[in-house]
Structure formats: C-alpha cells, structure tokens
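Two complexes, one shared chain (chain A), two partners (chain B, chain C).
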Partner chain A sequence: MKLLTANFVQCTVKACGSSPDCFPLHFDQQIPDLPLELVHEDVDFSPEFICNVLPRIEWAALLTTARELGNTQLPDAKPEIENPHAAENEQLLRDLHTLLLETQIIQGSMRCANCGHIYFIRDSIPNFLLPGHLVQ
Partner chain B sequence: MFPTPSTTNLDVARVYEPAEDSFLFLDLLQEELPFIQKRFAAANAPTPLVVEIGLGSGIVTTFFHKNILPDALFIGTDINPYACSISKETSKENGDTRYFDVLRTNLWDGLRPGLVDVLLFNPPYVPDETVPSIENAVKTDDWLDFALLGGSDGMQVTSAVLDRLAEFLNLARGVAYILFCKRNKPVEVANSMRNRGWIVDMVNERKAGWEVLSIWKFRKVK
Partner chain C sequence: MTQYLILLAQKHESFRKTELEALAELERVSVDLSHHDDNVPLLYVTLDCEEDARKLIRRSILARSIFEVWGRGNSLDSLHEDVKQRTSHLWPKYKHVSFKFDVISYQGSRTKEEQREIIESFSYVDFDGPIRMRSPEEVFTIVEEYKSKTDMLPSTERRELKDICFGRFIASSQRDIIDQYDLKKRKYIGTTSFDAELALISSNIGLAAPGKIVYDPFAGTGSFLVAASHFGAMALGSDIDGRQIRGTAKSNITTNYSQYNIKSQFLDTFVCDFTHNPLRQSFRLDAIICDPPYGVREGLKVLGSRNAERYADKLPTRLENGDLSHLRPDYIPPKKPYHFDALLDDLLFFAADHLVDNGRLCCWMPTANEDYGERHIPMHPDLNLISNCVQEFNKWSRRLLTYERCPRGCTLSLRPTTKSGRVYKEQFRDKYFRGFAKAKDHESVEWMEQSL
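On to the complex of A and B.
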C-alpha cells in the first residue's frame, strides 16, 4: 500500500462514519506479530502529476501519517505551487513524490482512533473486511 | 482498437477469467474515451480518482490506465485475496502506472466518501437464491462465486452499490459505469435511479450467448 492511500481510507465500522476520528487511521501503535515494514519502490517522477494530486490531499491527515511513519520534514501548510518546473519547487516535489508514491507499506497495521479497530496490511494489501460482529 | 492487456499469471481456478462481459467493458471504455478525457483531462484539474469495485484479474483497470487516463489515480477493490494480488501483477505486467493500489474489502468499504471520479463496476449479476457467504469462502478457500452470483434478480450486490452511489461518488464530476444483464431488469433500475436525481444512459449493449449484457452510465443532475 502506497503512503498516499492512507489519505483516501477511513475506518469502515458504521458507527465511526460520523466521527472525525475515523480518519486518518493511525500507524503509531504496531503489533509485535506484524512489524511495520516500509520499502522504497521506484516510480517515474513527474512534477505535474504531483502538482495535480496536491489539491486532493487532506494535508493535516498527511502530516499525521508521515510523522507516524518517521517523516517530519513536510511543511506545516499545504504548499501552493504554480509552476511545477520552477527550480525552487523541484526538491519539494521530489520529496512529495518519494513520500506519496514511492513509499510502500509492505506490512503493518492501522488503528482507528475512535473505535480502536485494527486493520492489517499484508503483502502491501490493506484488509478492510470486518469480523462478523462489526458488520451492521 | 487498443490491445487487450495480458494476464499471463492468472490462476483461473481462483480468479474470474476475463470473458465476454469484461471485453464489453473494454469496448465501452474505448467508446467513452472522448467523454472521459473531456471531463477530466483539463490541465491543472485535480487528478481524477478511478475506482473499480471487484476488479478480479485487473484487466479493466489496467486497460483504463494504459489507454484512457494514464495520469489518473487508481484504486481497485476485491473480496477475493487472490484477485487482490493478481490484479497488481496484471498492472505491472502491462507497464504499470504511477499510482495504483488495491484494497481487500467488501465493495468500497474503507474508502472516504465523495472521492470517486470514475466508478467501474462489472458486478456479479447472475440471479441466484442468495449471495455467497464470506464465512463459507474462508472455510473452503473458494472465492469464484463472488464474481458471479448476485442473489435475487442478480441485483443484490449492484443495488448495494447504487444505494451508496451518492455517498462515494464526487457529485460534481463523478461518473459510474455499471454492467447489467437483461435479467437484472436494467430499464426499471434506470428509471428508479432517474427518480432519485440521476442522469442515466445506456451506453452499450451486446448479445453474449443467451445473455444480453448492457452497460449504463450514471451521473448526478447538477
């Protein structure tokens, strides 16, 4: 699972849908049986692509996800980039590219801050299927 | 004609093998190329998110990122664990794309609301007494029925998606493409969705053996 995906998913327990704590899911507490494993996977860099993805990103949630995964280098506010090819933007766009698209979460778990449910990631695939008693 | 993506490593005992319905979907996407590109390819527009529910082999999503919108974001879902992994292989085998992830889930559970710009859904549309149970699939490790059996009128799974379309789709620019067979009574379904404020068009129809398959397009009235 790419790090960007953490910006698109939330707890799927029905009662959590109305809670602001159902998003983002948290990586801060991992379980011993499934230690967090991140790898770098090369993706072609396109400054335009990153620029056009930026409007979709919930920045506060991304800051939380990045921090919990060990990256504290992001600016506090979402950058506004007018020219993707300007030299002064290149480093920031490359950093975002590496973080969002090239950071693969191979295994680990994500926790809902509202209900505490834990979602496992194995072989890069997060599992959102709920046990029977949580399905309404 | 764009080439059909290859699926060399597909284990057809575990994951639905692309068939007439899948190919109808690919043909439709090709016909819809001008509409989709016009809707989403504007420079500086936020990148569209394309979601395929129940992506199976991954052939439809792969075709989409290869030929229709190469610079979009792609998420696929499947309840079948083997489909989740093989669909990523299918994408890689055909050149991959910058962003494609797969969620193992029921339909689109786990996605945040309002994000989907293009929904692609080739549902289990075959009428049957019930839809398969996950407990049973876990026990037998047989997931193929999930790709086929749609319960009463073959509509049980499609109805569950239509009932939450307004929740998951980006209502300003989102569009959903959903496949039906004639026994799903798509004309009645379309009328009831129109009454709920949707623009519904049949965009493709084809006879496949003794089945008549059609694909319908859903957008919200602005």
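On to the complex of A and C.
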C-alpha cells in the first residue's frame, strides 16, 4: 500500500464512521508477528498528478502517518501549487511524489484509534474485511 | 471548418457514439454526432482543423481511422465532379510528396482490376511524387458503401453504390491495442476477467486520463484497472475476494501492469466488502468503472452472517487455546448473500458521495431480454444517466450505464431515489439459471425470504 492510499482510508466499522478518531488509521503500534516493512519502489514522476491529488489530501492526517513511519520533513501546512511545471515547484513536487507514490508499506498493521480494531497489510495489500462481531 | 470521414468498427455499434462523445469532451473538440447511425460504418463530421481530427480519434477503440474529405457522391462520376470542385486548389500542395491509393469497400467488393481502374480515374489530380506502398507521406483513399441486399430489387445483379468518398488519410485510432490487451495473451486472468475491448471502451467513456484517479470496487483480476491505466489514469481497486486481488507470487495484477509496461499508473488494491468501504467520506474520485458481481460466475456476498444471532453479543470469537480467531492470519470472515439490485443502489449512493463534480460512474448491468424495461435502470437524484449502451446475447444482454455526477449545489432533487421505493424481486442470476424460462411465482418469493 502506498502512503497516498493510507490518506484515503478509514476504519470500516459502521459505529466508528461518525467519530473523528476513525481517520487516519495509525501505524504507531505494530504487532511482533507482522513487523512493519517499508520499501522504495520507483514510479514515473508526474507533476500533474501530484498537483491534482494535493487538494484531496488531508494534510494533518498525512503528517501523522508520515511521523509514525519516521518522516518528519513535511511542512506543517499543505503547500499550494498552481503551476506543476514551474521550476521553483519541482523539488517540492518530487519530494511529495517520493513520499506519496514511491513509499510502499509491504507489511504491517493499522489501528483505529476509536475502536482499536487492527487491519493487517500483507504483500502490500491491506485487508479491510471485518470479523463477524464488528459487522452490523 | 472542414469535412472529415470517420470509419467505424462494425462491432458494439450502440457504444460508438457514446465513446466518440466522451472523447470529444475529454479532448475539448467541438463536433456534432447527432446523425450517427448504428447501421452505417461511415460517419461524416465537420471539425475546426486537422489537429481536432487527430485528437478526436487518437484514443478511440471503436473508430478505425479518420480522413479529410476531398469529395463525395453516389456514383464515381458525381464523386469526380465533387473532388474537382472542392479540392483543385489543394492538388499542387501534394504534387511532389510520396503517396499511395487505397480502396475500402463496405457491403461489396471490387476486383484488383476494377480497383486499379478507379485509382487511375483520379489521374487528373496530377501527382508527380513517387508511389510508395510502404510508409508513404500521404495515403489517398476511396471509401465506398453499397446498398445492403434488403434495399435492392432481387433482379439487380451488381450491387448498387450508396455512397462513395475520396479522402486523404489523417490518422488511425487505437483499435490495434485490443490485440495487445487480449485476455488470451494476458498473464494473470480469472473466470471473471472482462473482455479487453469493452474494458478499454468503458475507460474511454469513463474519461480515464492522466492526472485522474479511477476506482473499481469489484476489481477481481483488475481488467478495468489496466484499461483505465492504459489511458494514463491512476487506478485503485478493491474486491471482497482477496485471492483474486492477490493472485500468486508470479502472476497477479501488478505483473499484468508490468506486462503492459504501465506500472507507474498502478495506485493500489485492497480487500474490502463494498458495503463496508474504507474510503473516507470526503475523498473524491474522478471516475468509477466497474462490472458488479451479479452472482453467475461468483456468488454475490457481503460481510455479515446468515445467522445473525451468533454475533448478537458483539464479542469476538475465541479459539480453544484462548486466541482471538479474527487475529489469525488464516481467518475468514463470515459472509452472507446479498441482492444485486441492492448492491447497485449502494453503488449509486457511493458514487454520488465520492465522485468529483461531473465525474462519471460507468457500471455494467445484466438484463434479461424477456422483461427489460426502463424501470430496471437504477437512479439517483445526484446522478444524471447520460448513456445506456447494450451488448446483446441470446436471451440476455449486458448494459453499460454511464452516469455523471451533477455539480454539487444544483441537485435534481425532484427526481426520486430508487432505493426506498424499490422492491428487490427475483435476481438476474435466478433467471439466468432457469434459462430465462417463465418463473414459477413461489420460487422467486422463496429466494426473497431466504435472503432478506
């Protein structure tokens, strides 16, 4: 799972839906059987895509996720970029590209801060299916 | 303004106009397609410039090629007259370029000799450049369409010309990539993999393009994901069946992406039940393109238990050794059957929530030919149905329904939502498995009771 996708997903337990704590899911507590594993995977750089996706990112949540995964380099406020091809924007767009699209969470788990349910990630694929007792 | 001729594939005719309209919108080309006829493979259009002609067709799957029209008639003589009148000022421009001539016939054919005769009858254009059969600079083409057999008197021996056109070739479509994406050559496929040609057409109609995020909530082996990514979109997919999403170590959705060399367009896949979707409410998608499971090749299931009382205490199940069963890596959550119509309604609600303004939902829906009616098409007040294309089989059809999200703030609130008023009756799969014969009333009622 790419870091960008982590910014799109929340806890799927219906009762958590209205709680502000169901998003983002947290990486701060990992279980011993499934240690957190990150890899870098090259993706072609598309400044247009980063520009288009920037407004859809919840910045505070991204800061939390990045911090939990060991990155504290992000600016506190969401940058505003109008021209994806301006030279002065290139470094920032490349940094975001590397963080959002090239950082893969291969294995690990995500925790809902509201209900405490843990979602596993194996082979880069998160599993959001719920056990019987959490389905309404 | 110049007249152009588009040659169309004689396949999936009801999708052709919708695809071209979508491409015109995507490429911002102004064109009137209202005279498109499903029965005619020749479509004449008026465009601003040659650049627009190239743009209109460059992503198309159902158009074959586009020509600048130099003349048109219903006989060779009237064609020559028109060519002389319309284009004599253009002839000097092509006097010295390398070129070749082609003859394309619909509903009829010409012998090699006849073709040569026709080509030679154009000698008055007086091109002096070299004739090259391989990669010439310009290709001039005579396109002719004959009247179909039913339009002719039985005594007429030779088929009668309906339309003949002379044009300069401008560009080809992407029709040749159907072969490249052919399921027979794809490394990772499953029983529910979707026909490559129709998946590519769906992606065109869904306006998949660079910079956009396209989602398939019933991704399976990722047929729509690779199609959307081929056109430059970032693709996101999910499925309740993790095995399909995962594949094997050597053959899976990402290896398909590598096969097509579009790996950078892959966003992610995740395992989830559509009725418990993890995508947060405020997250916006540019398009949703999917073929929801209707229960013929795969059972339609969602999270939940047939026996709801078992989980009434809301406590996790413990194994004999005290471990919580759902934390084991091999845990399989309980699932229950679901109604296809209910799933479609859920899909429309989801699309209304998550699509950007003017974003599109393209969803396939099977219908039995015996009792199809407009009432079967699900509706939502925030979604405008913009096309309903049909692929017909013997006793059933599948339709590609395309909806556009109304811009927020101008909802068509007068239209009713179907969800509340809809009674979930017999499912498509029940009709399918009884071969579309007449239902015994008690059977469908029984099914309804079982599943609700």
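The rule we apply is simple: the second predicted complex is superposed on the first by the 136 of 136 C-alpha atoms of A that agree within 3 Å, B and C clash if a C-alpha of one lies under 4 Å from a C-alpha of the other, contacts with A are read in each partner's own complex, and residues count from 1 in each chain.
As a working rule, contacts are C-beta pairs under 8 Å (C-beta built on N, C-alpha and C of every residue); 3 or more make two chains touch, one makes a residue touch a chain.
In this text the structure is predicted, and so the values were computed from the model without any measurement.
Peer 1: Clash or fit: chain B against chain C, after overlaying the two structures on chain A?
Peer 2: In the superposition, chain B runs into chain C.
Peer 1: If you stack the two complexes on chain A, which partner ends up touching A:Q10: first (chain B), second (chain C), both, or neither?
Peer 2: Both chain B and chain C are touched by A:Q10.
Peer 1: Counting only touches as set out at the top, which of chain B and chain C does A:V43 meet: first, second, both, neither?
Peer 2: Both chain B and chain C are touched by A:V43.
Peer 1: After lining up the shared chain so the two structures overlap, which partner does A:P131 touch, if you call chain B first and chain C second: first, second, both or neither?
Peer 2: Touch partner of A:P131: chain C, not chain B.
Peer 1: Quick one: chain B or chain C, who's touching more of chain A?
Peer 2: Comparing touch counts on chain A for chain B and chain C gives C.
Peer 1: Using the superposition on chain A described above, determine whether A:G70 touches chain B (first), chain C (second), both, or neither.
Peer 2: Touch status of A:G70: no partner.
Peer 1: Do any residues of chain A touch both chain B and chain C, and if so, which are they?
Peer 2: Residues 1-2, 4-5, 8-10, 12, 23, 43-44, 46, 48-49, 51-53, 56, 123-130, 132, which sit in both footprints.
Peer 1: For chain A, which residues count as touching chain C in their complex?
Peer 2: My answer: residues 1-2, 4-5, 8-14, 17, 23, 33, 43-44, 46, 48-49, 51-53, 56, 58, 118, 120, 122-135.
Peer 1: Provide the residue numbers of chain C that touch chain A in the complex, in ascending order.
Peer 2: Counting only chain C, the residues touching chain A are 210-213, 234, 236, 238, 240, 242, 245-246, 263-264, 267-273, 276-284, 303-305, 310-311, 313-317, 325-327, 329, 331, 333-334.
Peer 1: Residues of chain A touching chain B in their complex?
Peer 2: Against chain B, the touching part of chain A is residues 1-2, 4-5, 8-10, 12, 23, 43-44, 46, 48-49, 51-53, 55-56, 101, 119, 123-130, 132.
Peer 1: Can you list the residues on chain B that touch chain A in the complex?
Peer 2: For this pair, the touching residues of chain B are 44-47, 49, 71, 73, 75, 79, 81, 84-85, 88, 98-99, 101-106, 109-112, 115, 134-135.
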